[in-house]
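You will see chain A twice below: alongside chain B first, and alongside chain C after that.
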Partner chain A sequence: MLGSRYVLKKIGWAVLTILFVIVLNFFLFRILPGDPARSGVRDPRLTAQAVEAIRVRFGLDKPIINCFQSLNPVEVGDCFVNPMDTQFFIYARNLLQGELGISYHSNRPVADLLLERLWNTVLLVGMGQILSIIIGIVIGVIAAWKVRTSVDYGALIGGLVAWSLPTFWLGIILLMMGSRHFDLPIGGKITPGATYANAWEQVLDVGRHMILPTLTFTIVFVGEYLLIMRSTMVDVLSEDYVLTAKAKGLNNYQILRNHALRNSMLPMVTIIALNLGFTVAGAIQIEAVFSWPGLGQTIFEAVNRRDYPVLQGAFLIIAVAVVFANLIADLLYSYLDPRVRAA
Partner chain B sequence: MLSSYADTIPLTEAPILLEVRDVSVEFVSKQKGAPAARAVDHVSFALREGEMLGLVGESGCGKTTLMLSLMRLLPAAGRIVTGSIEFMGQDLLDLTESEMSEVRWRNISIIFQGAMNALNPVRTVGDQIAEALVRHGMAPTGKKSSAAGRVGDLLEMVGIGANRANQYPHQYSGGMRQRAMIAMALACNPQVVVADEPTTALDVMIQAQILELLDELRHKLGLSVILVTHDLGVVAEVCDTVLVMYGGVTAEYADVDTIFNDPQHPYTQQLLNAFPDLTRPTARLISIPGAPPRLDNLPPGCRFAPRCPQVFDRCHSEPPALHRLSDGHLASCHLVESR
Partner chain C sequence: MTLPSLLLPKNDRLPPRGGETMFTKIRSTLAILLVIAIMLAACSGGTGAPAPEAATSAPADSSQPAEPAATEAPAEAASGGQVRIGWGGSPDTLNPGTAILSEAYILFELVYSSMFDLNLDGTFSLDLAESWDVSDDGLVHTFKLRPDFTWHDGQPVTAKDVVFTYNFYGSHEDFPYMPVYTEYFDSVEAPDDQTVVITLTEPIPNIESQLVFMYILPEHIWAEHDTPEGATAFENEQMIGSGPFKLAEYRQGEFVTLEAVKDHPTSPPKVDGVVFQTFDNQDALVQALTTGQVDMVTELPNTAVPTLRNAENVQLVVGAPLAPEVTDIIPNQVSEENCPPEDGVCSGHPALRDLQVRKALAYATDKQKIIDVALLGLGTPGLTLIPDGLGVWYNDTIKDYPFDIDEANRILDEAGYLDSDGDGVREMPDGTSPLTFRIYWPSDSSTAPRIAELLGESWKQVGIDLQPQALDPDALTSVCCPTFDYDIIIWGWGSDPDPGFLLSVHLTDEIPTGNSETGYSNPEFDKLFAQQATELDPAKRKEIVWQMEQILHDDVAYIIPYYAQATQAFRTDRFTGWITDQPKVALEDPTSLTIITPVGN
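On to the complex of A and B.
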């Protein structure tokens, strides 16, 4: 089926991309102005010795990399230091050990912090994506099948409206309506101070907290999926091979299932994969509105606090997610479309 | 117009398999209030067992529309508004959609122009042939895998190795794709095969091969074929009867010898002039100036009048009836009325 050469090539590219991101991620923050030691703890009473102590504690006294003591302002340094004693290679070595550094703000290991938050985001984003993909595809297919009827126009208008709603605004409106009329929680993942008699109660509580952010997420994304599915499907349904299928005596359902759906899924796979990667970051607005303790909210807070190790780690996770999602899309694409395999 | 069609049909011995009477097809306009465009207007023809009918005319003359009507595959805006299509005594227009789907491919199959797009690019050729076999209950166990033997035989029949059944259309050349399409069209042993410009977009050598293959298979399998084409050379070589269409109506209908030796309609004559004559290779080809009429803007009289070299006053005001010149020779032209 799939050529192992093709798979290896794709994986190789993914690994290279991640390596590039790791390097970029490191230097990007070092080129930015400002001393992390000072912006991490913004207290004017900080003595020079205390600042130096913080610098030593976080390894900021070491040269960035061979030949460069600092990148902003650029300060040329010794080229013959032990590479393992420079910030870049320490960072790289720590990364290999799964170590993302210590948060300036909370003093917790970044890896632990982010992992915990990542799962919350995956829970929310995953649920929202699954719902919006299913609903989007179903409505998109129906609209395409009933093209240029009132069903189609209704779906089209609804999709466009949903797509163009600002995420934060929709979130706030739903938050207001949901909490006032349906007694839904206004934020967070669990009811503060709640004690649970059993695991089921906890699941129910989390579920109640998820309703509004998931709904917001679904509405925001369903428009895009619906519109793309519809237009691809309309194109595919006008293809000659669909007419051939009908001429072969297949009924509408068979034509849809065996000929139209798989061909229409090709562009969808790309978009879904790209979205999956980006929504880890894209949930920032929704998580901020609903105080959902996910990766997006963490990034939002870390930016405010200039918590560079957390940002660096979060960016890395997002980059890996995007690259990984693209890899999956590539592999899935080549499974769905044999022409890609040949290329 | 004519009391009986049976005696208007070019004479051969074989029984009639498919008889199209007075079929008109209209397309509903997207704009509200605009009149429906009539793409095919009262066209009749008959196809006998083992016969090949050539359907000739320029692009936009309603040839493909007429063929799609036969299988009731018209796009949503198209409607068959008059006439009947009788296949082995059954009017296909009376069938329900699901009954019609049984007839499709099992009794009447179609080879579309441009096999490039007529095969699904993401499924193997063998799979797509097997699908037709499964649909019409011709796979031994009802599963696609059980049809593999038949699929292999079909591909071999059109000169493609059975081992290529597992390949995708993009791995085939243009000519092979059209062969595969022919194999697919023959999968369920249909009585009638419609070949709608089967050689469009193929180079001349491959065109000849495909047509030769089609002709050979028709004799071998006793098929009736309707060949839609622009190529009069092909028609002369392989067809038994010829229907010349112009602007959605029958211009001339006769057996192949009559059409080539005694064409009566000026359009047929012009078409023949526009075709190279091997006995006079230095003669100039005469093209027909202008283009077929737009369906939403048909001339009030004869549809060919604006381009006709022998046009006279009456042509512009009164559409000609379909006149019977002799047994099996029909032409719609005021010039033949007196004869």
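On to the complex of A and C.
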């Protein structure tokens, strides 16, 4: 079947991309300057033995890969060591066994540590995306339908303003207003030390903590969706088949739903897929303003600490998310526009 | 009560913890649905905000419908006797062996006991021990433990736990700090359940400052983790200690909840518990205090101080930090013969090896202006590398070089550094290389760029030109020491309660190790260091230490621009009794947290 070959090909490429990312991830961080065994602490009381012991514990004393002892500074090493005794192949083997390693900083398993953060990010970003997509599409369609009226201009200006607002600033402003006038929590995901009588209370508590970050996220992202939806829709509405549909006497809802919307969804699907993938990395700024314990925050900290295992794990998750979102988009295209399948 | 570290990364934030249960996930999924509902309701209602208000505080009380500030979520109702503290960081781990960040040590002080407590005036007092005897030769220290200490799980604290703890810390070489504290331990023994005998290999004058950070661990929990891998892998998430607070809940990177041990034998807290909540953003932290979402904050941006001075129900506390930090301007003084043979590049400007030039730089440094601009006034002028926060060890009799551009110019003229080509920059006495210095600082510092700019302005007036550049801390380490590939660096040290460590960075022996950033070398200083390291009489030791500080000041090994002050703030309408009148400020210390009481009780 034509469809399944197309699907298989796309999946094959996705797997190849992820493999490439796995290799790149390893070398990318090791080209950076800085010694993970000492990073962050310029403390001479870390004795030479302690530093050496830390290196041994995390396998940092081993060569990076055959022929290279280290990559920054570049240091040529023995080419005939057992590959299983080099950092790269140990990393690859562990990954095959599903091991992401131990964080240098907190001595915790990376998988545990990332999973909780990932979930928090998905909760926040997912919520924000859903809201901004729905609101963006709805307003975009309305604006396009009422093109060159005050409704359209209002939506256009509002969308542009929202899109250009600095995220950090908007977050701080909402935080100040929300905490002062509406008694909303300033940071975190739940109230620390709270005891809940039942699960519903906890849900309410998380919900209260989510309001401000989600609102910020929605405002920042809705502009993009709105503007793209509107411009595509304006194009589509000027097509002959829309005129034909009008001539056939279809009502507005039928025209929009059956003729215009599906045809203008293609660029939207692209942009949504791209955004979904990248926003798994967390809306770093929003997480920072609202102290939201998400993935973006974790990555930022791990970079500063040269915490390679955490970085590798996090980048792998992001890569998988981006590739997966694109795969879904590709498959959706073929559903939305059968011509894609032939290409 | 203190944080050991040198240049502890401040404001450090942490990777998360794992182990979320399926239950939480299900509840969180519900939360999504809830929030969707709330949001949609809010959207249809016009403005985004009031809807959740209604959702959380809907009930009966219709007599005062329009007072949103008084409504409280049910989840927050339980915070009566609980002190809510906001901080900018989070512990890296709860394992005292492997912890590095200061936030971890703040928790250890509250949850664990050790042989000594560090008081807010810099002195030590006995904590777990009720008596302490030293043999005449200073080698044998005998501690009698208090009989009434128990672990948070109910078992008694015995001398065996202490012996286990000291051996445990000393035997794991990959612990970052602990093995250093047991360096001079020959043996630790427990002749009976209440007696601990520590025998040293040589007499040391500062055993208090070694023992104060060695938190006593329960052997019945830690013994099974006393293996090379186990000791570092153990996350210690129950954190059973014997201090005035016990751990209730720990969410790395989010919050830590502690519960009061009301029947603690020496310092039973009057509050019910303490919550430390992490804020990744300093503006949010300040906002949390002014809106009353936290009762105290452990650190504040200096920019927030003017606002908080006038804030309602907020009291600001300014003073020396519990673990003072020294900021230093480091001139590269390493001589050719001391240049480390293996790593040394030693590209420092030759003029900086001349004492007269360094003196001129000291005269040309406007410390008060630096304090006013870089710290917004929240600092005291620096004098010697032992900060004023170190109490008796701080030599306040030293006479500083006053800010005097004319004197600086006179010294340079006299020493033969003249501006022979009239470009405004002096040259070496032999007419070669101009006095143009590279000045570096760590890129994560917010104050150093301002200091560099101010130095550039005032040093320019004495014919010295600066080429400023911020460097990544790692890159800075690699040009600093022991490579000595720089002219001037602005950097700093955190400080121990004991002056020994800070003084040691100026030893000739430390030049090749990388601890000495200056390359300073003075045989007399080295000799005095060895003397103070074994001088058991505190008064005599103080004399020697003061003399060493004077030597460093005379030689202008460092220029110390200021001692930064710690700023903390608390809400006056929640708890009273915070200790604010001591030389050091540490509201998060057990000294305050065990005596404060809720307002109105």
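The criterion applied here is as follows: the second predicted complex is superposed on the first by the 336 of 343 C-alpha atoms of A that agree within 3 Å, B and C clash if a C-alpha of one lies under 4 Å from a C-alpha of the other, contacts with A are read in each partner's own complex, and residues count from 1 in each chain.
Here, contacts are C-beta pairs under 8 Å (C-beta built on N, C-alpha and C of every residue); 3 or more make two chains touch, one makes a residue touch a chain.
From a predicted model like this one, the values you see are computed outputs, not experimental measurements.
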Taking chain A as the common reference, can chain B and chain C both be placed on it without clashing, or not? Answer clash or fit. fit
Go through the superposed model and pick first if A:Thr244 touches only chain B, second if only chain C, both, or neither. first
Tell me which partner A:Gly193 touches in the superposition: chain B (first), chain C (second), both or neither. second
Which one hits more chain A residues, chain B or chain C? C
What is the C-alpha-centre angle with chain A at the apex and chain B, chain C at the ends, nearest 10 degrees? 150
Which partner chains sit in contact with A:Pro166 here, chain B, chain C, both or neither? Use first/second/both/neither. neither
Which partner does A:Arg208 contact after superposing on A: first (chain B), second (chain C), both, neither? second
Would you sort A:Arg117 into first (chain B), second (chain C), both or neither based on which partner it touches? second
Should A:Gly154 be classified as contacting the first partner (chain B), the second (chain C), both, or neither? neither
Upon superposition of the two complexes, what minimum C-alpha distance (Å) separates chain B from chain C? 31
Chain B-touching residues of chain A, taken from the complex the two chains share: 239-241, 243-251, 254, 258-259, 262-263, 266, 336-339, 342
Chain A partner contacts - residues on chain B that touch it in the complex: 71, 73, 98, 101-106, 109-110, 112, 114, 117-123, 131-132, 135-136, 168, 170-171, 184
Could you list, by residue number, the parts of chain C that touch chain A in their complex? 4-9, 12-20, 25, 27-28, 30-32, 34-36, 38-39, 43, 48-50, 52-53, 55-56, 68-69, 71-76, 78-79, 82, 84, 92-93, 95, 98, 100, 173-177, 179-180, 229, 232-233, 235, 248-249, 251-257, 273, 275-281, 283-284, 287-288, 291, 293, 472-475, 477-478, 501, 505, 510, 513-515
Considering only the defined contacts, which chain A positions touch chain C in the complex? 33-35, 38-47, 49-50, 53-54, 56-57, 102-103, 105-109, 111-117, 119, 123, 126-127, 130-131, 135, 172, 175-197, 199-208, 210-211, 214-215, 218, 287-291, 293, 297-298, 301-302, 306-307, 310
